[in-house]
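In the two complexes below, subunit A is the common chain; its partner is subunit B in one and subunit C in the other.
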Partner chain A sequence: MMGLLLTLFSPIIGGFIYGVERVVKARMQSRQGPPVLQPFYDFVKLMQKRPMMVHSFHASMGIMYFISTWFAMAVLMMGNDLLIAIFFHVISVLALTIGAFSVRSSYSIMGAMRELMHVVSYEPVVILLAVSLYLVTGSFDIAKILTSDITPIFSLPLVFISFLGVMPMLLHKSPFDIAEAHQEIVGGPDIEYSGPFYEAVYTARWIEYVYVYFIVFLFGGSNYFLGTFLVVFSFIFINAVDNSTARLDYKKMLKFAWFILIPLSMLNIFFVVVGAN
Partner chain B sequence: MEALIVLSIVLPLILGAIIVFAKNDILTSLLTWMMLPVMSILAFMIYAADLPIYVDTPHVLHWIITLFDFGLLAYFLYLGAKRKSMLVSVLSLVQFILLVTVIWVLPESSTANIYVDKLTAMMYLLVAIVGVPIAIYSIKYMDFDEKDKHLFVGLVVAFLGVMNFAVSANNIEWFFAVFETTTLFSVIFIGFRGDKEAVDNSTLALWMNQIGGVAILLALLIMIKDFGVYHFTDLLIIDKETMSMAAFGFLSLAALIKGAQLPFHKWLLGAMVAPTPVSAILHSATMVKIAPFLLLRISPIIEGTLLAKLLILTTGFVFVAAAIFALTQDNLKRILAYSTISLLGLMMLAASVGTPTAVAVSIMLIIFHGFAKGFLFIEAGVLEKVFKIKYLQEMNMLLEKAPLTLLFIFFAFLNMTFIPFGVFVGKWLMIEEASGLLSQGSSVLLIALVAIGGVFLSVLYMKVLGVTIKHHRFTDIQVQKQPKTFLFVAIWFYLWLLALTIFIAPFAGDFVAQISNSLTGETTPIHADGLSLVVGESTLYFWQILGALLLLAFIHIAPLKFKFKNVDQMHPYNCGEVYTRQAGTYDFLFLKKYEGIANMIAITLFMLVVVLGGQLL
Partner chain C sequence: MNDLRAKSPWITHYNTGGCNGCDIEILAALGPKFDIERFGMLNRGNPKQSDILLVTGPVTLRCRDVLRRVWLEMPEPKVVVAMGSCTHGGGVFRHLYHTENGIDGIVPVDVWIPGCTPRIEAIIDGLIEGVEIWKNKTKEKEYMVGHSEKLLEKIGVLND
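Take a look at the complex of A and B:
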């Protein structure tokens, strides 16, 4: 029941997170920032705009990105296997990249290609995260992870750290906002969307916020207070990093993920396995 | 039932011979089309029968096969001399000497030489349902400016019989004979076009596969010396604890070579110079599938040994490395070949792990990879012949050139990696199984390999799909006429894949799990709950399967069919710049320089498998 509610309201929660994020970021830069509800004002404004598109396939892929992200959210909340939810996320990436590839726009195509580099970078770490949660709690089932006696974060500090490293890639935050790269390729996959179709892509990104922060929450196990603390901590951390770093190129992202984050996760898994024996 | 088994081996051989010698268009079509229902029904009847079945064969057959062996080796020797290839000649001679020795020491055995269990029956089904349509396809394919149509179709048909024989052989000496016969066929197929490149590549395939033959003969010798038996079923009942692994080390080596694992992958890559049905048939239902089949046969013996661990390491390495190198390729057929090599790695890895779930994974992958890869190669052939497209760059704007083919390619690629299709389910089960093993304190590296390799394949497929759909205006898409045979085969594969995916839970939970049960002798923790797939404690719910299927169905049909009404169409914004006509995709060429290193690592791992795994030190 809780899962269903969370799924249904995830666009609203995500929009709210995004609103807060903009305020927090502004305060870090000593600015006032927009009102917290600004994303929703944007939503209303974008929906009222005259719908325009490059072609139907491209526009429909924007909407498919939204729907499949929402569906992935539903699977995360109502399924009983974290791994499946992670693989569902790939479908939404497919919709986004295929849509971005389909238009005659160099920035969009470049963005799609970079989006794939994001996948290469974060996906193994996220899968290893699911595996390590299984290792500690004995289940891929989210309900069981959230009720297990063991608090995963204490056994999996390195996995948590590597997930912190991956979060900017998942959420397109600096230094790894390579696919979007506003100053450089003008939003990448998003560039050719406008009006309601852009709103679909925009809202899908909000759902991804909920998706990612919910995975952070899992590290608290049955200790929801700790879970909430981890979410808040990672939220502030990600925004601080976003504010204070410059964008890297995709090779650096790959190297960072492959030669630092994956070995970190593996090291942690190794220690857990050795410790259990 | 014995008669049916013999028929499913002999019938394709006879029909193939008739097709080759009759050289009649109508007869060729008639016989090949007839194969589809006949072979399918035969395979279904055998699968439904009370398995396993032992077929006793007359003693004279044994001598015929031995004679055939010598004839084959003599032919290889002749090829080596004709093509001035030292390697081929030397390897033929070595095999000749080894074979004589084997026959010299071969003890009498009363065990049946043909053994059909559920795994074999499953391979029969695969050959019938995937292999025969490819033969049908090749009839039409060869009409497009190719020579020797009847010879080609006849050989393809006969090859299916050889494959059926290969998976039913219980006697390992017979297995060697069929193994070499498949090599012979692949040499003929690869060299079919007769130009220099084709002949060179077929010579490469010959000597590489001959190393596999040598390995089997060595295994046979060691087996006779150590255990005194040379039948798969006899080996399975020997007490595992005291067994020496040397023979199985060599058998695994043969499997690795047949399965085109790095560094022996070049022969499979070379196969792309042949007419496309050859690639389709080698990659999907036959030839390379002997590799995971052989490992599945011996997996109960090697499970948990050092040999299995080294095999896991080797195949897992290939799984990742081949997927990475696939990214650097720009020829569609080469991309497909690399992804086959990679997935074969995963199949063999699962077979080497040997737990019931892992064995089920291996079988799932054999089946679904067979369907999807056969489908992809068929469409690659259509692109090549009807639309004259071979390279990735030429695939830009494919939608305007070949919308229907794009639809099929899109679907087949989705099958190769996305939830809820079979290959995904295999991958997912493998990660679950690896996690389970991990919590028992073993296989730390296994999980890393399994988690990483799949990602590259997903990205590879998404990249190819992106390229095919690039640069479109999406105006006036016209579905072009295709030859009906091509269309029939494509729709045949499409519908099978769709049906198997919707009913993936009963399929995996009943069909695959039963085969795995019969192989491992344990209960596989996979079962179907209605149309939901339950694995241990995890469930892939039917609403998830259906949801993913609907999402992906929309995504892959939308380019053709979907139109927004009442929405204004604009030119792309593109930041106000003039569109440059071409936006490239990353081709990852910088990765190519690591191919040498990867080959070195693979060679080292091969050595380790034989030397350490086979306990030769």
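Take a look at the complex of A and C:
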């Protein structure tokens, strides 16, 4: 019941996270910034625009992105399998890229290619995270991870650090925001969406925030206080990195993910397995 | 609902061949001192997702059809804010061989911001006035000045 409620309210929670993030970003640049409820004002505004679409397949792929992200969120919140949630998240990103490939705008196609590079970069690390959580707690089920006696962060510190490195790619934050580079390819895959269809993509991004921070919360195990602390710490860390770094290109992102973060996770898994034997 | 909507106007800025003075003032309005994100305004740079078209510069002949296209790609409700004396009637470029003498005959304008260049306070004032007009507009389709099938075909938006 609690899981169902959290799933239903996850866009609202994500909207609040995004609103707080915009205020934090503004304060870091010594601006006053928008009100905290700004994402919801944007939501109301986008609903009242005249619906314009490039073609129906493109628009339906935008809505598909929203639905399957929400579905991944539901799998997480209901306490089901972590791997299934990860695969649904990949399906949602693929829906976005297929939609972006289906229009003739060159920025959209370029953004879709870069989005695929994001997937190639972050997905192995996220899968290794699921594997290492399984090794430590003995289950892929979220419900069992959240009630297990072991606190995963103490046995998986390097996996947590590599997930911190992956979070900017998942959330499109500054060192690795190459897919929606607002100055060069104006928004990337979501450039051709407008009005209510853009609103679906915009809300899916909020749900992605909840999805990513919920995975961070899993590192606390049954210690919910520690999990909340980790979420707040990672939020501040990601925003500090977002506002103090410039955008890299996709090769550097791929090299960082494959030659630093994956070995780091593998090293941690190696030590866990050796320690268990 | 319309009051909530008025809190999130997104801007597309298009320079139709001006001297860049106005554009620098717009960038200053986005910065820390005159932060226009207080009003929820973002410079999106994407006409499909924005509500206010902020035009600077005299409309040169090369830019004219692009300006029409940008205006057509914006979904209603939308507002056009013309900024600077070039946009009003050509300014120092008036009656030159390559300009249209202002935006007036190209797209319908809602707010005029005078000055060369306008002060940042004037820009914010004009944008807020544009938001007041935008608040009362509806989803109903608008048509540009001199709208015709022939013109749409020339711009290349008839089949889009």
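Convention: the second predicted complex is superposed on the first by the 276 of 277 C-alpha atoms of A that agree within 3 Å, B and C clash if a C-alpha of one lies under 4 Å from a C-alpha of the other, contacts with A are read in each partner's own complex, and residues count from 1 in each chain.
Keep in mind that, in the parts below, contacts are C-beta pairs under 8 Å (C-beta built on N, C-alpha and C of every residue); 3 or more make two chains touch, one makes a residue touch a chain.
The model shown is predicted, which means the values in this text are computed figures rather than measured ones.
**Student:** Report for A:R50: first if it touches subunit B alone, second if subunit C alone, otherwise both or neither.
**Tutor:** both
**Student:** Per the contact definition in the header, classify A:E192: touching subunit B only (first), subunit C only (second), both, or neither.
**Tutor:** both
**Student:** Specify the partner with more touching residues on subunit A, choosing between subunit B and subunit C.
**Tutor:** So, of the two partners, B touches more residues of subunit A.
**Student:** I'd like to know which partner A:L135 touches here: subunit B for first, subunit C for second, both or neither.
**Tutor:** A:L135 sits against subunit B, while subunit C stays out of touch.
**Student:** Would you check which partner chain A:F270 touches, where first means subunit B only, second means subunit C only, and both and neither mean what they say?
**Tutor:** A:F270 sits against subunit B, while subunit C stays out of touch.
**Student:** Does subunit B (first) or subunit C (second) touch A:L164, or do both, or does neither?
**Tutor:** A:L164 contacts neither subunit B nor subunit C.
**Student:** Look at A:V24 in the shared chain and tell me whether it touches subunit B only, subunit C only, both, or neither; answer first, second, both or neither.
**Tutor:** Neither partner.
**Student:** Counting contacts the way the document defines them, which residues of subunit A are shared by the two interfaces, the one with subunit B and the one with subunit C?
**Tutor:** 50-52, 54, 186, 191-192, 194
**Student:** Could you pull out which subunit B residues touch subunit A in their complex?
**Tutor:** Of all residues in subunit B, those touching subunit A are 417-419, 424, 428, 431-432, 434-435, 438-439, 441, 444, 447-448, 451-452, 455-456, 458-459, 462-463, 465-467, 469-474, 537-541, 544, 547-548, 551-552, 554-555, 558-559, 562-564, 567-575, 577, 579-580, 583, 585-586.
**Student:** So in the complex, which bits of subunit A are touching subunit C?
**Tutor:** For this pair, the touching residues of subunit A are 22, 26, 29-35, 38, 40-42, 44-45, 48-52, 54, 182, 186-187, 191-195, 198.
**Student:** Using the touch definition from the top, list the residues of subunit C that touch subunit A in their complex.
**Tutor:** Contact set of subunit C toward subunit A: 1, 4-5, 7-9, 31-32, 35, 37-40, 44-46, 48-49, 51, 75-77, 139, 141, 160.
**Student:** Can you list the subunit A residues touching subunit B in their complex?
**Tutor:** Residues in contact with subunit B: 50-61, 64, 67-68, 71, 74-75, 79-81, 83-84, 87-88, 90-91, 93-95, 97-98, 100-110, 112-113, 116-117, 119-120, 123-124, 127-128, 131, 134-135, 138-141, 144, 186, 191-192, 194, 262, 266, 269-270, 273-274, 276-277.
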